[in-house]
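Please go over the structures that come below.
Two complexes are shown next, each including chain A; its partner changes from chain B in the first to chain C in the second.
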Partner chain A sequence: MRSIHGASETSGLRVRGLTVSYGRRGHAVPAVEAVDVDAAPGEIVAIVGESGAGKTSIGTALLDLVDPPGHWTAREVTLDGETIDYRTTHTRGRDVSVIFQDPQTALNPLFTVESQLVHMVRHHLGLDRGAAKRRAIEMLEEVGIPDAVARVGQYPHQFSGGMRQRVVIALALACRPRLVIADEPTSALDVSIRAQILALIRRLCREKGMACLLITHDMGAVAQISDRAVVMRDGRAVETGPTTRLLSGAQHPYSRALIAAVPPAHRRLPRFAVPDTGAAVTDAELERWLRDRPTAGGDTPLAVDELTKVFRLPGRLFGRGARAVRAVDAVSFALAPGEIFGLVGESGSGKSTLAQIAAGLRWPDAGEARVLGRRFGPTTPKAALRGYRQGLQMVFQDPYSSLNRRMTVLETILEPMADTPRAVGLRLVPALLERVGLPRDVARRHPHAFSGGQRQRIAIARALAGRPRVLICDEPTSALDVSIQAQILNLLKDLRDELGLSMLLITHDLPVVRQMCDRVGVMQSGRLVEMGPTERVFDAPEASYTQMLLTHLPRLPERQPAS
Partner chain B sequence: MSAVLSAPPRVGALFLASPKAMISSAVALILILSALCAPWIAPHDPFALGSFSLMDSELPPVWSEGGDPRFLLGTDTQGRDVLSAILYGMRVSLLVGFAAVAISAAVGTLFGLVAGFRGGWLDAVLMRLADVILSFPTILIALLVSGIARGLLPDTRQEDYAVLVLILAIAINEWTQYARTVRGQTLVEASLDYVKAARLSGLGDGRILARHILPNVLSPVIVIATINLALAVLAEATLSFLGVGMPATQPSLGTLIRIGNENLFSGVWWVVVFPALTLVLLVLSVNLFGDWLRDALNPRSE
Partner chain C sequence: MARFLIKRLGQAVLVILAVGLLSFLMVRTVGDPVQSMVREDATVAERAALRARLGLDDPVPIQFAKYLGRAMQGDFGISYRNQRPVAEMIVERLPATLELVLVATVLALAIGIPLGVITAIRPRGPLANGVQAVSLVGVSTPTFVTGILLILLFAVTLRWLPSFGRGETVELGWWSTGFLTLSGWRALLLPSLTLALFQMTLIMRLVRAEMIEILQSDYIRFARARGLPQHDIHYRLALKNALMPVLTITGMQIGGLIAFAIVTETVFQWPGMGLLFIQAVQFADVPVMAAYLMFVGLVFVALNALVDVTYAVVDPRLRTGGAA
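Now for the complex of A and B:
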């Protein structure tokens, strides 16, 4: 049964045949094609999918914010049975509202929270100044900001990241919208804050009877708060259903693959069940060459000992002297050969700084790092660093900035192979590309011809070309889609098994650690607060900080055997 | 564009789609080529003193009454062919312009790379030096340089070194722009992960700068160089017009304008107007092309 005119008794949001296209008419590229979405009052409907699936375009269209020459059409867009009228300036903000991803940019830094909230409710609801201020305070209290009366007059920079996102939510909900679009509302936040913000969104939607579209790539968020979910792929909705049913027994093969790629936090899989695009091909010459790496003294591939790094922040001109922050504070650990050691922590915990010191890219202030018996401390001369870094390679987070955009893949991968004759190198590069699951004939292309996942494979090939014994991976998959993440993690695991690499894996993503690491260290404000075998740390955490991190992990329902 | 710069392929397509780019570059190219070919295409040799006579002096352009078909744009007070003088004068102007741009771009890029990559005291010294130069008017520094050169060089050699002095005077002003831009760009590039990867590949500072950072900071250098070519030609003309640039024995466009200007009120307008028009056309076409190039190479203008 489908009513063409929105005069039915349905309440909440009803969208039929939504299509969004970008580009000029004539050669417009559809981003969303004929998607139907419903959201009842108080219901949270998740729109999930990987980048490029069109999920953000749905939100943009429902806010009528598609930039020309892009445009959108729909057979029906109704809210409580009435067609949404985008011609009045009151629709957006009052009836349909939005929670943005990044609380750093969603608020105007030049105005107080009060003036932003007051402007919003006065414009849309026509309240007088006093009533508007009361409403502003009431909203801050509702989103859980303590001491709202005092804080309403503050500027955005006076709030922490999590508190700022609460302010963004207060702003979105100030006019009691009937539909809220939350576009990746927690992607910019730390794990411990993420869960609180999601819970807040759920509570407010329930209490106020708002329909909510939760646009996200984060399956944890979907599992935690959504009632129903729409799985998007290439602009089409491939499957729609109750969240619990989708997570435990999705019908469509794509939904199943997407869910299988999500690393579970509560048990360890031998491998991710994702189809490996371009299975790794091994080449006899390459394998010999990779294993023929210069042997060095020392059995410990990588160790750090009481490593410390202090950042001095500039003091005020007239005031107290310079302040110092201990970014890395007397951290010690050692990797065993062939071991994957995970280092987890929230942003600012010092884990990336530690990785860069271990890689010999920054100087420590105290303590030392050792790679294959070579030492690196505060007094190591710069000239000795090149020797220290031998046998060590790194894979970085952002596959866009980690490849020189002016160099071809071939030049990039040849660079660490300086000790190998060029003719041999030219023969090995195609084999190396195949080794990491890329076609062998792409060597002459520039990075812009590749997707994020492919670039990360190129970066891994470059790291392998240095014939490392130690690989430091700094958030190697956090810029990637979940199915690509699963492939890259599988690849890294295989390389460890086949080449006996030792890996230091830096990440904020606990489920990834559980899947990948043999041992794990937990960092908080520069200190290593807990270290132990992965299973033990996850099942019986000792430090209270670790316990806190683990309680915020989303739990996905266990998959039922496919029927 | 050469492979090193590896301008994205779209620049070619953008060029063909832009009438502004095509017309301005065509005009600039014609002017530059005709200056280069002056010895072969100029109807007369303005430096062969014996070849012109006072009989032919102050002849108007060929289309005016009394014009002589041997002298298309007329002659000056000494009977010299204005068209030939312009072609040769443009040679001098462009020589000074290109040389000044080449020197200032090379020095500025090098200083910018080193300042941005090394940081510390070297960065501070180079950038404060640039600040000091920027706080003086361009023309003042150029006058200062040519004044000092005049004081140092013996009178007999001054004309021989006039070109070098001019080039130096202009280059000293202009390297600061390259240095500041390249330094900023270098700071950005040096913080990117590919530079760390290059270090882990065993590359030293020099090779990282040359192989990785330099190609990535070159697009703004090309844009500034194009626009500065026009500025350098103008600066040369200004100095020569003021009498501290090229001497009358090796006239540039600016010298020609100065000489012509002295006779303007006696009605011999063509001696000043045609060199001036040539200068305007040259500067305008190079500027318009530089403008377009800046937009085309700017990744944000996509």
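Now for the complex of A and C:
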């Protein structure tokens, strides 16, 4: 265990009293207040917290990239004992560098990887063209890109997501910085790639003796690679300490709450241990109305049978014919009443396409979906879809774009209540808002007045207003902070318990599945490779793909019971 | 790529067919061609004979097919006014218009792009504010007003530049150029500036808007965070991305310039196709009007296709799809 003071006073990063404010002087809003951070060479220090905690601002300030009129100050910012001089153009990139979050947007699409690497190396290190190119190839090999000599001349779009993030890392580290700031380096990546990229960052930091600040909200990443962690809340560091100690026995109540909200992957909890802001209030009239849903023939809320969807990619005019991708390949499963069925898989595995077909938003090419006995197949006419969709509602991933920002909450929720008299609807909406944990009196506001978690509650209220038997939730919490995620998941669970809803939960987040689902299906390239009760799949996975997914799960140390 | 080009070509043929139909209908329905061609004392039999000779007795679709067939061979009929083949007249006037449009485009790009970049980099600076104000005037002043004001200042008051005509031209085969004489260049200056002004402000505003957006993008922030010099970031990295839509707009606007040239050519009595068209309108010289219409349609289609191809050359993502 390194001591925070002592050795780190002469080597590595030392920051004292860092303060970052946005807005004009006089009306400045502090985003970070008097934060101290140290990172020894080769050490990875995680900065964790929820959105708005100021963790990204720390990175931005240490790169001196705070946009005016924002500004930052610090009593001390030293690297290996010397004050970092931001006036020379070589500090950024050569001494202090950064790994960006999203490899899809961090690379300029119009320039080859070689040109981007060479440009940087030549500027900072003054190498000639030949040496710069050799350095570029060397960097690609270092970050584990196979066949670097051939690939260096390619454009970013020719690399897959994980490979692209490796290119981003190669760019960040090309000039051997002494400090690297990794700002959510894996949150845009698939689980299996996530673990590889984290391991790569750790290896390079150790080998090259770089100090690293890992800015993240992902407790799994913190547990996997960081040596120490700083917990941020509202711009202040509430707790700093070795990662293992923080995860197993945090001192500060906020750190404990933050860690408790992370869904554990290896153990099932009855409920997330978060204080539910706004407890659900039930209203007799609303409950009666919600249960008085039109029933159709058939007891199976949702079933899909040999469902198949093929996407044709445009082929070359001369040469092979059009290529076809089986996005969903003969998938069958059925939901029992009141069951939560999880569908997991990496991006591109077809789970969202399947959800869209099940929701009646896309036609299948073969097979059929059934909701309460109503069938939906390749030949179902558009007019019959209305009937199919009754009894079915959807909650989307992004609560910022799934609500119409020109409609008030009231209009949004009234829309699916078309079969209910408006006077009754007007009476029910406030009760419905309370039902999902929102204040009754917010109905006249527009979506922009709400936070992400509140918007997702509105989206759930809108779904309930359609009096569904089945709720299809496509990544309902992946755009939300971890404590908000826990609240929304608790809400969904309660709704299932109290209203007997069945849910199809699509997610790539395995811990969420473990906490939420009764049964789980694992999808890989359009096929359902494994299906079974959640506990069985997690504890004794049969398919090798499921085993692979599960080995990449970050394991948080078991926490000590809160005293 | 080949598939894409063929698809484009198909669309181009459709557009040309539609424009052809329009110009054919114009020739057929605006006035009676026989009436305007025969002597006033011609007999009914003579008129009928001419009618038959011109193919006006055939069913309309056949007439249209014949019209298209002739147009494809460059035969647009005979001008009513001066009894010369229309194609010949257009070819004669073509160089004047194309040279004018070429110079105007170069002016618009050479001035518009740097101004756009500068105003994007310092959006609140005095230069940006000044340029923005002037460009607003540029966008909202009609071409004929700017043209007349320029004539007033440079030709009438200062007497530096001629107010009309092309100056001396040199014949290079069938192409008469004004690029090789001093008077040609002097004559070109005012009309091309007039014609370029609108495009210039348009391009400037477009580059500015694109640049401001791209400077906020992740890859530019990443380039900054890697310590690349400002100058490289602005002029090497961001500008290339910002120029993608400029390419499209410029390509389409060249077609627009040829059309706009009607006004400019009238103001400056520039002996180009626009002037030819205006004169044809005044004398109801329908074949000339129809041929001009076809020509402008063809130019638009060709430019669009060209822009698409250039796009694929500049943007690697459009060349071959798919991640490796």
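Here, the second predicted complex is superposed on the first by the 547 of 563 C-alpha atoms of A that agree within 3 Å, B and C clash if a C-alpha of one lies under 4 Å from a C-alpha of the other, contacts with A are read in each partner's own complex, and residues count from 1 in each chain.
The working rule: a residue touches a chain if its C-beta (ideal position, glycine included) is under 8 Å from a C-beta of that chain, and two chains touch if they have at least 3 such contacts.
Bear in mind that the values here come from a model prediction, so they are computed numbers and not experimental data.
Superposition model on chain A: chain B and chain C are shown accommodated side by side without a clash. Of the two partner chains placed by the overlay, only chain B lies in contact with A:Phe396; chain C stays clear of it. After overlaying the two complexes on the shared chain, residue contacts for A:Arg405 are found with chain B alone; chain C is out of touch. Of the two partner chains placed by the overlay, only chain C lies in contact with A:Asn108; chain B stays clear of it.
Of the two partner chains, neither chain B nor chain C is touched by A:Arg233.
Of the two partner chains placed around the shared chain by superposition, neither chain B nor chain C is touched by A:Arg467.
Contacts of A:Arg194 after superposition: neither chain B nor chain C is touched. With chain A as vertex, the superposed Cα centres of chain B and chain C define an angle of 30 degrees, given in steps of 10. In the overlay built on the shared chain, the residue A:Ala459 is in contact with chain B alone; chain C does not reach it. Of the two partner chains placed around the shared chain by superposition, chain B is the only one that A:Ala418 touches, whereas chain C remains out of contact.
The gap separating chain B from chain C in the superposed three-chain model is 6 Å, by closest C-alpha atoms. If you check the complex, the residues on chain A that touch chain C are 63, 65, 89-94, 97-98, 100, 102, 105-112, 119-120, 123-124, 151, 154-155, 157-160, 168, 171-172, 313-314, 316-318. Across the interface of their complex, chain A is touched by residues 2-3, 6, 217-229, 232, 236-237, 240-241, 314-317, 321, 323-324 of chain C.
Those residues of chain A lying in contact with chain B across their complex are 356, 359-361, 386, 389-390, 392-394, 396-398, 401-407, 415-416, 418, 446, 459, 462-463, 466. Residue ranges on chain B touching chain A, taken from their complex, read 6, 192-194, 196-204, 212, 215-216.
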